[in-house]
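Naming follows writing order (A, B, C and D), and every chain is counted from residue 1.
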Amino acid sequence: MDIQIGRGKTARRAYGIDEIALVPGLRTLDPVLADTHWTVGGIDREIPIIASAMDGVIDVGMAVHLSQLGALGVLNLEGIQTRYADPNPILDRIASVGNDGFVTLMQELYAEPIKAELITQRIQEIKQQGGIAAVSATPIGATKYGETVAKAGADLFFIQATVVSTAHLSPETVTPLDLANFCLEMPIPVILGNCVTYEVTLNLMKAGAAAVLVGIGPGAACTSRGVLGVGIPQATAIADCAAARDDYHRDTGNYVPIIADGGLITGGDICKCIACGADGVMIGSPFARAKEAPGRGYHWGMATPSPILPRGTRIKVGSTGTLEQILRGPAQLDDGTHNLLGALKTSMGTLGAKNLKEMQQVEVVIAPSLLTEGKVYQKAQQLGMGK
Amino acid sequence: MDIQIGRGKTARRAYGIDEIALVPGLRTLDPVLADTHWTVGGIDREIPIIASAMDGVIDVGMAVHLSQLGALGVLNLEGIQTRYADPNPILDRIASVGNDGFVTLMQELYAEPIKAELITQRIQEIKQQGGIAAVSATPIGATKYGETVAKAGADLFFIQATVVSTAHLSPETVTPLDLANFCLEMPIPVILGNCVTYEVTLNLMKAGAAAVLVGIGPGAACTSRGVLGVGIPQATAIADCAAARDDYHRDTGNYVPIIADGGLITGGDICKCIACGADGVMIGSPFARAKEAPGRGYHWGMATPSPILPRGTRIKVGSTGTLEQILRGPAQLDDGTHNLLGALKTSMGTLGAKNLKEMQQVEVVIAPSLLTEGKVYQKAQQLGMGK
Amino acid sequence: MDIQIGRGKTARRAYGIDEIALVPGLRTLDPVLADTHWTVGGIDREIPIIASAMDGVIDVGMAVHLSQLGALGVLNLEGIQTRYADPNPILDRIASVGNDGFVTLMQELYAEPIKAELITQRIQEIKQQGGIAAVSATPIGATKYGETVAKAGADLFFIQATVVSTAHLSPETVTPLDLANFCLEMPIPVILGNCVTYEVTLNLMKAGAAAVLVGIGPGAACTSRGVLGVGIPQATAIADCAAARDDYHRDTGNYVPIIADGGLITGGDICKCIACGADGVMIGSPFARAKEAPGRGYHWGMATPSPILPRGTRIKVGSTGTLEQILRGPAQLDDGTHNLLGALKTSMGTLGAKNLKEMQQVEVVIAPSLLTEGKVYQKAQQLGMGK
Amino acid sequence: MDIQIGRGKTARRAYGIDEIALVPGLRTLDPVLADTHWTVGGIDREIPIIASAMDGVIDVGMAVHLSQLGALGVLNLEGIQTRYADPNPILDRIASVGNDGFVTLMQELYAEPIKAELITQRIQEIKQQGGIAAVSATPIGATKYGETVAKAGADLFFIQATVVSTAHLSPETVTPLDLANFCLEMPIPVILGNCVTYEVTLNLMKAGAAAVLVGIGPGAACTSRGVLGVGIPQATAIADCAAARDDYHRDTGNYVPIIADGGLITGGDICKCIACGADGVMIGSPFARAKEAPGRGYHWGMATPSPILPRGTRIKVGSTGTLEQILRGPAQLDDGTHNLLGALKTSMGTLGAKNLKEMQQVEVVIAPSLLTEGKVYQKAQQLGMGK
C-alpha cells in the first residue's frame, strides 16, 4: 500500500472527493422512497446536513430556519454574534471592506471581547423561536463558556479546532481542556473535531464524543494546507474515520456518527461523503449563499481572525436564492448548489439506496478529477479573477 | 485491481475518453477501404453516429436530413416539439434569454403539457419526408405514449433515463414501467439506457433491448456528477458493457449493439469509443452546432427542465457549418468537429481497421489527459469565460 | 505492466515528454566538452536538430542557413515552394488572413498543382548556395517525384505520412508505394516516418530506411489526437523505437538513427528526447519563430491543406530572434527557445554526458507534469485567447 | 519500484512538494512548545530559514536584518552588490525595464566586472552592523575570491551551481575547483550545492561540506527544467538526500544538515520540506516581497545574467509587508506568505512535533496536487496574466 517518496520516506496515496464518483447498481429507486433521516446527539433530523459555525453563515434567524426545514445550524460562540449586541453594522463593514483591508479589519473586529451574557441571549433567542440550539467553541472557549452554555439551555455543544487530539501538550502555565472530563460533566451532548485518522476518531469516541467531525484542510475558505502543509484529502479521511466508528460500535454497542466537514459545495459532494461512510455533513459556503445568511453574500473561515497567523480567506459567494431553495428546492440553479435534499434523494434513487446506511455501501470508483463549475468559480473568485 | 481509498473502502480506477489514445499497428489502410456500416434495431446505417434526443439538436427536419446522410437522429417526445404546435417562437425565446433567466424560463416552457396528437404528427412528418422515425421518452413517457408511438408508425423507440435498471422500486401508488414487458409488447425495436455496468447491460439485453445506451454523467451539457455525485468515466463504462454484449452474444447468439452516449465532441472521441468496444455513438453538441439545428447555436441537456432539480446547463456552441459538413465534410474547421465520418475513416485507415469490428480491437494506451480544443472552448463558454 | 481499463480491455500507460525529467549523476562536465555530433544518411552534422518540412519553416534560404550553422532543414516538396514560382505573395496572404478564413484559404492555395520543374529548381538553388538538399514528400508524392528528386541532386529524401507502415492496403485501382523497393532504387538515403512502435520501426529499418522518424500526434500544430484519437506520448514512443534500433543494430551491424518528431518546443524537450533514446530531433515551431522563417511569424501543420479533413492549425508564434540566436545563441529569451545547441551542451554538462550515446543513458524520473511557459503560450494562442 | 516508460527505459516516480500533505498524529502541542532551533556551520539559529543569494533578495541591510530576526541571509558575491559601488541606480533600472528588454539589460549590467574590494567591503559592512556574513559564489567565483572572502572575515561560504559534483570534467586549459581541497583550506565552513541524489550528497559530505543544498529546477524563478530538461521534484530529492545525511551521520558521527532550496513559497511548503527530512530551507521569492528587499517588488534568478544561455526569469512579486511580518508576523495576508515562523510553529503544534527532528518524522500522504494561491498568482504573473 505504501509508496516510497524517497529513500526512507514512504507515504500512502490519499483520495479527495473530486477524485471519486458513484456507480449505479442493479436496482434503482423512486426518490420519494429514499429515507434521509439520521440522529445526532439524540436529536432526529430529516436532513443529514449541518450548517457550519461560521459568522457569514449562522445567526439566530438562520439557526431557527434551518431547524424548521429539517436540518441544523451551529452558532459560533466566539464570533460576531457574541461580541456585539447588534451584529448588523459589524457585518455591514465586513461586507463592504476591500480585499486589501479585510485581514486587518477582521483582526480589529475580533479583538472585541466575547460577552457571556450574549452567549446566553443568543441561545435563548434560538430556543424561544423554536430552533435547536447547537453552538460551537474552540477548546479554550469551551473551558471558559461551557457552564454558561449548559445553563442557557443549549441542545448540542460542538468543540472545534483545526486539529483536535486527546493528548494536547500545553505550557505549564496553561491547563489544557480535558475532553473526556468535559464530555462527562456537560449535561448536553458534545461533538468533537476535527480529526482525520482512525486512531484519533477512536480516541474521541472513547472520550465521550456524541459525534466526531472529520476534515482538516479541504475547504475552499480554509488555507490550512497552504499555510501549514497539513490536510488530508476527504474521501480517505472519511473512510478511515468511518472504520473507527464501525469498530467502536462493534466493540461498545454505541453508534457515534461521523460528520464530514470542509470543502463541500454541491449536492454531489454531499452524496460522495456519505458513500465514503459519513453519517452527515457540515457545510458552510452553500448556506452563505442564502439570501437570509448574515454574510451578505460573503463567506469567511473561522481561523481568519487570528491576530498572529490568519488562515482562511473571504470569498464573495453572492446570494443565489432562499435558504429553502438551497436546502429543499425547487432549484433555480443547475450547478448542484440548490435543493441539496433533492439531490441527495435523487442520487440515492439513482443508486438504489433506501437509506443512509445503504448509501454508505454504494460502489465508488476513482475517476479523473473533474472540478465542478461551482468550485472553479469559487477558486477564481477567491483569487479575484472571476467575473 | 482494487485500490484502497481508506480502511474498509476500496475502489476501482475508471478511465475517461480523454485519458486514452489509439496506437497504430503493423498495417495501414486507404480510408476508402474502411467500412463503417452497422445495424441497430434491424436498420442498416452507413454511419455509426446517432444524434441525441435533445431539443437543441433534433426536430423533424434534422431527423430527416440525418437519415438521408446515412446516420440517424432521435426526436425527444417530451420536449418542445410535442408541447407546441409551432416550436419556433419557443426556440427563439430560449436562444435569446440571458443565463440568469434560463432555468426559470425552461421550467416555465416545459410546464406546457405534451400533446399525444403532436407526437403522432411529428412521427408522420418524419416518415412522409423519407426519414427514419426514431423517438425517445423517459420510462414514464414510455408508459403514457408507447401506444401512440407504435400506432404513428415510428421505427425505433428509445427509453432513456439518467440511470435505468430492470429493478426499479416505486411507491405503492405508482406502477413502474416493466421494461421486459414493454419491449415484448412494442411492435418496434426498443433501445434502453443509460447504464454503465456489465450487470445492468446484461439485464437490459435479457429484457429485450434492441440496443443499450452506455454513459452516465460524462457529457459537457450534463452536470450529473456535480449534482448527484454519480458518473462513470466513459472508456471503462464502454469496455465493461461491451464485455456484457459479447457474453450475451456468445450465450444467446443475439448481437445487441451498445451505443456510447455522452460527452463526445470530436471525431477522435468517436474513434476512441469504438476502440473501447462501442458499436455506435450518440452525440449531441457537435450537431447542435449545425446551421440547421433547432437550437440556434445553443445546446442544453434533457434533464434541464426538471421543476425540482434542474441538471444540465445551456451552452452557446455557435453554428459552425452545415449538417453535411459536420457529418460528411468537407471540413472547414480543423478541430475535429467537422467531417466526423471522414475522421472515423481516416482513423481506421491509420490504424489498419477494415471495419468496426476490427476497430473495436485496436490497441489502446493510457496517455496524459489532453483536452481537445473543442472541449476547452465548451468548458470556457460554460463558465462564461470564452471569447 | 498492463492496466485493465474495463472488462476485456487492457492498456499500457504511455508517458509524454512533459512527464519526465533528467537526473544528474555523479559526474558533471564543462559544456565545451559535450560532443553533439551525429550522422544521418551518411552526413555528419554538429547539431542533432532537423527543421521540419513545413511551409512556415523551410524555404531555400532557411535550408542553406541551417546547413551552414551545423544543422539541417527539410524542404516540403508538396507545399507552397513547389506550387508557386514566387511563393512570397502567397506567404503574405497566409500571414494576413484571419482565423476564420484560414482553412478555406489554405484549401484554395494548395489546390494549385505541384510543378516538377520547381522541385528541380529548389533543390538546385539549395545546392548552389552550399546547402544540404534534404527534401520531403508523402508516399504519393514520393511515387510521383522520386525520380525528379534523384536527378536534381538531392542529398536526403524524407517520406513522411501521419502514420506509415510497410503493409498499406490500397483500393485495387491504386498501386501503393513499395517502401523497400523505393529505398532500394533511390540513389540517395531515404528516411521514413512517422511511426511509434517497436515493430514498425523494425519493419522500416528492414525496408532500408536510412533513419526513422518517431512521433504521431504530439505536436502543438497537430491535432491528430483530437481529430483521429490517434497519438502516442512521445517518451514511450521514443524508448520503444530506440529499442528496435538497438536490436536491429545488434542483429545486422547497421546503426539506423531514430529522430523524434513533433511537439518539441524548448531545449529541455530536445534533451529529454535524446535521454529517452533518440539520436536526433525534428522540430518546427521553434524555427518558425526565426526572423528568416518564411512563415512571417506564423506556423502551420503539414496536414492542414487537406481539402476533406484538415488537421493541424495555424499558430501565431511571432518572430523572436535570428535563426542563429535560436540555434546557437546568444539567447535573448530565457524560456528555453533560444540557443538550442547551448541548452543541449549545458544539459549534457550538467548530466555528465560526453556525447549523445552517453546522453541516451542518463537517468530519467517521472515527475508531475510541468508545462513550460512556451507551451502554455502556444496553446493559448492556438485557442485565440493569448495576449 | 521502477516503472517502464518504454522498452529498455525505466524510471522512478518522483514526488513534488505540491503532491504531499502532512497528517496529524495522536498528539497535539501548543505552538509555544515547538522548538525550531537548528545549527548550520556551527552557528545556532532560531529559525531554519535562509534567504537565497539572489540580487532581488539580499543586500547588506537585508543580511543584517535577517540575522537580527533569528534567520540568515546569503549575499551573492557575483551580483550587483559586488559589481557596483552604488547598486541603487542599477536596481532602479532593473525594476523599471519592460519584459522585452529585461534579458538584454541584465546581460549588459552583469557584464560589469566584479571588484574584489567590494566583496571585502560588503562582508565588513554586514559584520559591522552585527550581522552574520554568509556569502555565495559559483565554483569559478570560489576559486577567484575564496581568499578574499576568508580574509574579509565572512562566517559562512556557500558554493552554488545549478548542479554540483565532486567529479567535474574541465577542458585541459582549465583547472577545476577541487571541492574537498577548498573545504579543507577555507578557514570558515563551506556549504555546497545544489544536488538531488543520495550519492552526490554523500560525496559532498565526504568532501567536507558543512551543509548541503538540495534542489535542482523546482523554483518559480528557475526555468532549468524547461531549458535543460533537468530537475527533480523536491519531496523525493529531500528524502533521498536526508537518507544520505543519516547514513553519513551513522558512519562518521558527523551530522551535516541538508537545506531544501528552490520553489518554496508558503509556510506550508517549508513545513513539508522539513517533514520530508530537510534540516532547513533556503527561500527567495517570499523575501523578495519584503518592503526592505533590494528587488523593489521584483524577483529574478541567479542564472539569469548568463550572456549565452539565460535561465530564470523576472517575476513581479510586489511588496506585501515588512521583513519582520514575513518572517515572524503578525501576518497581514492569509495566503501562507506572512509569519513563516508562526506557520512552522503552528504546524508543528498541529502535528505534535516538539522539535525539528520530530517534525522530520511526521506522517506524509500523497494527495492530489493543490496549488496554493501564492503559486497560482506567481505563475499567472509570470505568464503576464495576473491582475
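Simple rule for what comes next: a contact is a pair of C-beta atoms (placed from the backbone, for glycine too) under 8 Å apart; a residue touches a chain by one contact, two chains touch by 3 or more.
As the structure is a computational prediction, the values presented were derived from the model and not from experiment.
> Looking only at residue numbers at the chain A/chain B interface, is the share used by both copies over half or under half? Answer same or different.
Comparing the two copies, chain A and chain B contact each other through largely different residue numbers, since under half are shared.
> Using mean CA coordinates as chain centres, what's the chain A-chain D distance in Å?
The separation of the two C-alpha centroids amounts to 39 Å.
> From the C-alpha centre of chain A to that of chain C, how far is it in Å?
55
> Among the residues of chain B, pick out those that touch two or more other chains and give their numbers.
13, 15, 236
> Go ahead and list every pair of chains that touch.
A-B, A-D, B-C, C-D
> Per the contact definition, I'd like the list of chain B residues that touch chain C in the complex.
Those residues of chain B that touch chain C are 1, 13, 15, 20-30, 32-33, 198, 235-240, 242-244, 246, 266-272, 275-277, 329-336, 339, 342-343, 346-347, 350-352, 354, 363-368, 370, 372-374, 376-377, 380, 387.
> Within the complex, which stretch of chain B touches chain A?
So the residues of chain B touching chain A come out as 3-9, 11-16, 18-19, 103-104, 107, 162-171, 174, 176, 195-197, 199-200, 203, 216-217, 223-233, 236, 304, 307-313, 369, 382-385.
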